[in-house]
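Pasting in a structure now, in structure tokens, and then I'll have a few things to ask.
In order of appearance the chains are A, B, C and D, and numbering begins at 1 in each one.
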């Protein structure tokens, strides 16, 4: 196995979202723009409730990114045989992450 | 394999929370009491903000039960070899469930 | 003014949800039933994801009751002239209640 | 009253967060940085759960900004005499905004 292929293999073992990096980057850059939009609304004295709506939109978009990462991570954990303590640890950190999200 | 053993085996395949039924039942019965407590507060003209606090407490308790079920379910899905489409379906329904929670 | 009328008057001053007590009681009793339904699902070995869906339904219903109480409380606070520190305190406890909800 | 002063006066009547614009801008710019940080983590193949933690931190910061705006808005609505239908509309849009947040 070539070194490059080997590294790619290791990466695919380690991170479930490897194949989704480009679309995730695009979505995150859009969310950055949404937050910048909130700044502009505050600066431009926009109506409070409209700013709250824009904040909620950014948060929903972040939720969707988080769910995507969670899906890839879970799929990945199921793909790789997780044994004993390691598996319990994976489940614990996953559920803790969900606990912080809700 | 005896029928009883077979049934137990099937149950352990199908439901991750089997070992936690008694504590889950106790927690849910406590939450039922919390909701009944909210009713009593409304009936007793308690202060609005105090009722909201009590509602939030019931919701946090429900969140914890949901996280427990999620943990058992995920652990269980990782335990059992999930193959191909079935695994993807498991991940999808799990992530959709989390999506409804957040 | 009779004592009874006076008490009713005071209650209506103090609590915004006074007119909604009957429908709120009905909704809370339904939510209590939903939580009891979750208990039955756990007891009946129902599928984990279906139980999570039922928990989410109970939480949405609690959210709606909380929003209703919040609406009545806010309407009520606006109705009554809140002055100075008292008004700030009202806003603080209202926003803290929302903070616990999100 | 000069036109400029008059406009400033109108703005202060209309938007409750006028006095908090500078700190809000700073917080939003920090959140923008947090979202950019998430992008860098994805680009740098960081561990999924750590990225989720960072996303959750950005969302908590957005929650706090939203609560601050909500507080100023509510305080403001209580300050200004809201009459009849206008007051009901204010309460409705406020509660709808909270509903989107939770």
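Throughout what follows, a residue touches a chain if its C-beta (ideal position, glycine included) is under 8 Å from a C-beta of that chain, and two chains touch if they have at least 3 such contacts.
Here the structure is a predicted model, which means the values were calculated and not measured.
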| item | value |
| --- | --- |
| Mutual neighbours - chains that touch chain A and chain B alike | none |
| Chain separated most widely from chain A, comparing mean CA positions | C |
| Chain B-chain D separation of Cα centroids, rounded to whole Å | 33 |
| Cα-centroid distance, chain A relative to chain D, in whole angstrom | 23 |
| Shared-contact residues (touching 2 or more other chains) in chain C | 63, 66, 70, 94, 101 |
| Pairwise touch network: line, ring, star, complete, or other | ring |
| Chain-chain contacts as defined at top | A-B, A-D, B-C, C-D |
| Chain D-facing residues of chain A, complex | 11, 14-18, 21, 24-25, 28-29, 31-32, 35-36, 38-39, 42-43, 45, 47-49, 51-53, 55-56, 58-59, 62-63, 65-66, 69-70, 72-73, 76, 93-94, 97, 100-101 |
| Of all residues in chain A, those that touch chain B in their complex | 63, 66-67, 70-71, 74-75, 77-79, 82, 87-88, 90-92, 94-95, 98-99, 101-102 |
